[in-house]
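Note that chain A is present in both complexes that follow, paired respectively with chain B and with chain C.
The block that comes next holds the complex of A and B.
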């Protein structure tokens, strides 16, 4: 088993990072009930781990007995019937799904499917009416309409159903939904915390980790705990015993993005833009989400950029990122950003160096 | 109907005129300066007068019709339809104005058939009651009357009677107002006792798909430009106007094979008494590639906005893609003077921005049905980039991404989802080892998974390595396909792939080991439960009931569509059965019995059997 999964804390009292959050959650559910929850924070900070530990806290070990179901839902949308295919992960007490997988039909998922699930109230052992937990992932990817239809559902079925929403950024969740939830911010763990976790794993695995090695991984991981653990194991596969100056393998796609960035910095011409387009397509077909590409590309460019341009470039990146979410064809927006950058940078170069 | 027949009689009187040269003169003499449309006036009066298409096939078919069907039927073997070339109907197809209707009529006349024409102006909807009842039925339509009326058909010994042919014009228009018309027509073809000629513009259209199984397809081609010009010249001479050959050829070229339109144009111009031949060309189909060429042409700034919209609307799906594909390839004439490419880059940035705009507009159109935005979308996707960047083409490289890239992406996402599900359900239903998002799987896990799966193959000795990898794969329910997908998804152009440096024998050993190995733990996507989710029927207790319900519903839906056809079918069948031997007996029995007591499923099955 991978270390990420092996050393994932299973209960709320065993977590290493975010102990304060865990304690609060524990208090919250000690009565056996909880409000709607919205977990938000960057990826790799431990949202899912906490949610799963929370479910275990409420329902006991039966929350672990999950099955994966691939269902085609028939949704009646006025004049026509729409088939929505969704993969759900469910136990007797909770259902986990990715409503944004339904694309722009996510509205129907929220309107109908969640309603259906919420209507079925489970009865617990004592014959009391219990509640079911619905875990919705990637809420920030939900369309505006879907979020609007979510809010009424949240109120109407609050007796039988708790929603646990999980998203990377709270800014993309509408105000209305946020106010109906208890917001739990899970911040990215500090580098020291990551080092602690890595050393804990090294101890458990009986590995000798040289001084400062864990710190280097933590620094590389960009405060993403999952990535740190995965990188740690990658290093282990690559070379053991560790040496102090061992190269830490970068993520394949990150490397590719940084290649694109240096391509862009080196030459600003239509020809280069054309090549960059090809590389961007390559990334997209490899299932790298376009937002991630854009963000990473911006960071790589900012590293090499003169400080006076940084503000403007970031501004444009934000502009195109926003529009990318409104649109469908990510490549157009990525390309537009690259073209914009080339034009800005080229005029800067010419005005500075003549 | 009588009206038609009368009209046709009149036309039939002059069938015997033969030479085309004569025709023009005759027309001119008989009605000088009348205001009949030339298209009517110069409609060919004999087969020879039809230009551009050979009439032999249809003549042959019509000639042999009687032998094939009537005689065979009277001998008692009613169904020899499988015989190639022995379809009971023909389908003439081709673009408008090239003489399909005229040809059908002329051929019929030539072979001394009486023609009955039914076109879109007649009601051809599905009749309510059984066909056989003909005119006696409640709303039986005239077609059925025609095809079944013994009086009209020629086979009952009244050899002095004229034979009849039914021409059904504009078949493709039938779907609109005439509900169930096509299905009914098929039924009509089956029981028809007279030949039927169907005429349509596009025989590949969806509505006609079922009909095509019963028809002999005959395609009409556009007549050649020279042929048309020659004919136009004859007409012009007959009308006494002076037009140069070149002008006529130009006209023929512009109307793109549409003879009717050419004649109309010619008449119009002659009325205007000007030598200037014609104002605008027919809206032709411009190929998207040509449209791009024109939009980005060096002289494109002279184009009017209407023309540009026409160009980019020539294929509103493909042209924007081609624009996006190609806009980098042009050296804009407006930025020709600077060497540094700075101007060009900034123009490109503006163009790219505008293309991105069009994406947003397309979302509005597609998702929220804001169709009024489509001109705006067209302007921002094609016209703005083109007007910014039009100029000299500089070919960088010919790569056609277009939508192919999109479909690969879709496929890869599906594969990733499969892998995701496998990882999620690893360890069976009992416990759950990992819970991660799909994106994180790609972003974070892949490097390690790839390493875990391939590194041992490179370093360790063969057997140990294989065992190592297989164990790991099993513990995470990674199937061989998933393994391939991981390799595929972490492949970047120009970078070494994961499997580079792995010896082929190790690879082979791995596959072998995997095929033998423990599959018990592996969940395949086919094993996943895929249930038809039922929205309203949550109260239904058992799953089997649900699926049965769905099935029944589906079948009844299908049946509603084909119900009429089915009914018709049985009727005809019964008739055939009565006429022929007992070979169909068992089938008939089942159909009859099921027809009554709502055993619709089996009815439909019987239909399919046919």
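The block that comes next holds the complex of A and C.
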């Protein structure tokens, strides 16, 4: 089992980072009353871990017994019926799903499943009516219609069903949905917190980690805890015992983007642009999201630039990323950004050095 | 064991007024409606207004008062955006519902006039009219009422904070209040409310702004990265940054105009789903350029 899964805290009192949030969640549960929740924060900050621990706190160990199901819903949409297929992860007390996987039909999924859950309301031994929890991932990718249809549904079925929403940015969740939830911001852990976690894992694994080694991994991780733990495990596999000057392997694709950046800086010509396009395609076919490539490329280029060019380049990066979101083929916009950069940089060189 | 259900209703639902006369601070509306109710002569009605001012509440209250709990189910049809509301639904569902005629029989002291009610909730997508003096006023008294019922202590500072962070949306205010009460007990301070509301602490906004003033791109970039890592929503950041820029005395009108234009563009891009980091970085860089009067000759 990967360390990321092995050392994921199972209960709220075992959490190492975000202890304050965990305490608040514990308080919510002990009041026997839990509002709808919206967790938001960057990836690798611990949203999912906290949600799973919260479910366990509410329902006990039975929340861990989950089964994966591929369900097909028949939705009656006026004149025809639509089949919507979606993978769900469910225990007796909760259902977890990625409604945005259903694409433009996500609205039906949200309505149908919530209504279905509201109908099958669990009753405990004392005859009290309980509630089920619906965990929705990637709410920021949910279509506007689906978010609208969540609004009244959340209020109407609030007695039998609690929603736990999980998203990377709360900007993309509509105001109406946000105002119906308790918003929980999960920030990315600080580097010291990451070091603490890594040292905790090292202790449990019985590893000797030299002074400053964990700190170097934490620094490279961009405050992403998942990534830090994965890197730590990679280092363990590559070389143990650890040495102080052991190289911390960067992600392959980051290395690759860095090469692209130096290619661009060295020569600005149509021929070079053509070569860069091939490399960008390579990244895209390896499923690196285009906006991630663009951001990383910007990061690499900014390192090498004079400060007067930085403004202009970051402006164009924002411009082309926005276009990319509206358009369909990412490669056009990535290439446009590279071409734009080459033209700016070349004219800068000509005006400075003649 | 499943948790106890009694107290688990959201306060928004718990304190939804059941009678028209209880609807807070819509005096004129209440007067007109009470009149209609007494005569049982009810025209078609269209309620409109910003979110959280009591449109749904009023409509539900009328229906309850006319028919009472027993007949309510058979006489009132509630359709909202969560139901599929294409043209077919309007044709079939509403037609079927309206086709069955009903008589007027007084039951249990309710007027029960001989017609049915269809509530078409959320007839359009809600408009984002933010600040509204009327709504602030509504809020104060309703919030105090809830505090009294729930035994909460709210000082005047917390109350004014609550009305400013919820931007006049009563539903949001009640949700914040309930969340804060859950987390921090019966004494609630302004700080507690800010922490549950998702408003960005002032220091963070100021840090970005002073980085822009410094004219140092790398410093601004670092602050932007920090905001993203801390998980603050950029749309919220823009609106708080906007307040600072507009209020600043030492920025010329032309500079303000340049900055605000950029804010508007970034806001539109965010709605389109553009990347938060790049947009905030762009805003910070443009603000910096405007503050140091650098030329901006891009499209």
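Just so we're on the same page, the second predicted complex is superposed on the first by the 328 of 354 C-alpha atoms of A that agree within 3 Å, B and C clash if a C-alpha of one lies under 4 Å from a C-alpha of the other, contacts with A are read in each partner's own complex, and residues count from 1 in each chain.
Keep this in mind: a contact is a pair of C-beta atoms (placed from the backbone, for glycine too) under 8 Å apart; a residue touches a chain by one contact, two chains touch by 3 or more.
No experiment lies behind these values; they were computed from the predicted model shown.
Undergrad: Should the superposition on chain A be reported as showing a clash between chain B and chain C, or a fit?
TA: The answer is fit.
Undergrad: Let me test your reading of the model: by the given contact rule, A:185 touches which partner, first (chain B), second (chain C), both or neither?
TA: second
Undergrad: Looking at A:282 after the superposition, I want to know if it touches chain B, chain C, both of them or none. Which is it: first, second, both, neither?
TA: first
Undergrad: Would you sort A:326 into first (chain B), second (chain C), both or neither based on which partner it touches?
TA: both
Undergrad: Touching A:318, do we find chain B (first), chain C (second), both, or neither?
TA: second
Undergrad: So, does A:153 touch the first partner chain B, the second partner chain C, both, or neither?
TA: second
Undergrad: Just to be sure I read the superposition right, which of the two partners does A:28 touch: chain B = first, chain C = second, or both, or neither?
TA: After superposing on A, A:28 lies in contact with chain C but is clear of chain B.
Undergrad: Write the angle, vertex at the C-alpha centre of chain A, between the C-alpha centres of chain B and chain C, to the nearest 10 degrees.
TA: Computed angle, apex chain A: 100 degrees.
Undergrad: Which holds for A:216: it touches chain B only (first), chain C only (second), both, or neither?
TA: neither
Undergrad: Least CA distance chain B-chain C after superposition, rounded to whole Å?
TA: Superposed on chain A, the two chains' closest C-alpha atoms are separated by 11 Å.
Undergrad: Please identify the positions on chain A that touch both chain B and chain C, taking each partner from its own complex.
TA: Overlap of chain B and chain C footprints on chain A: residues 326.
Undergrad: Under the definition above, what is the set of chain B residues touching chain A in their complex?
TA: Of all residues in chain B, those touching chain A are 324, 328-329, 340-342, 344-346, 348-349, 351-353, 355-356, 358-360, 362-363, 366-367, 396-397, 399, 401, 405, 408-409, 412-413, 416-417, 421, 424-425, 429-440, 442-448, 450-452, 455, 475-476, 489-493, 495, 523, 525, 528-536, 538.
Undergrad: Tell me, which parts of chain A touch chain C in their complex?
TA: Within the complex, chain A touches chain C at residues 24, 27-29, 31-36, 40-42, 45, 58-60, 77-79, 111, 122-126, 128-131, 148-153, 155-156, 158-159, 169-172, 175-176, 178-183, 185-188, 222-223, 291, 294-295, 298, 302, 307, 310-312, 314-319, 321-322, 325-326.
Undergrad: Please give the residue numbers of chain A that touch chain B in the complex, ascending.
TA: Touch residues, chain A against chain B: 1-2, 4-5, 8, 43-44, 48, 52, 64-76, 87, 89, 98, 104, 112-113, 116, 119-120, 137-138, 224, 226-227, 230-231, 233-234, 237-238, 249, 251-253, 255-256, 268-271, 273-274, 277-279, 281-289, 292, 320, 323, 326-329, 331-333, 335-336, 338-340, 342-343, 346-347, 350.
Undergrad: For the complex, which residues does chain C have touching chain A?
TA: For chain C paired with chain A, touching residues are 1-5, 7-10, 12-13, 51-52, 80-84, 86, 88-89, 121-122, 125-126, 128, 166, 169, 171-172, 175, 178-179, 182-183, 196-198, 216-218, 221, 228-236, 266, 269-270, 272-279, 281-282, 285-286, 288-289, 294, 298.
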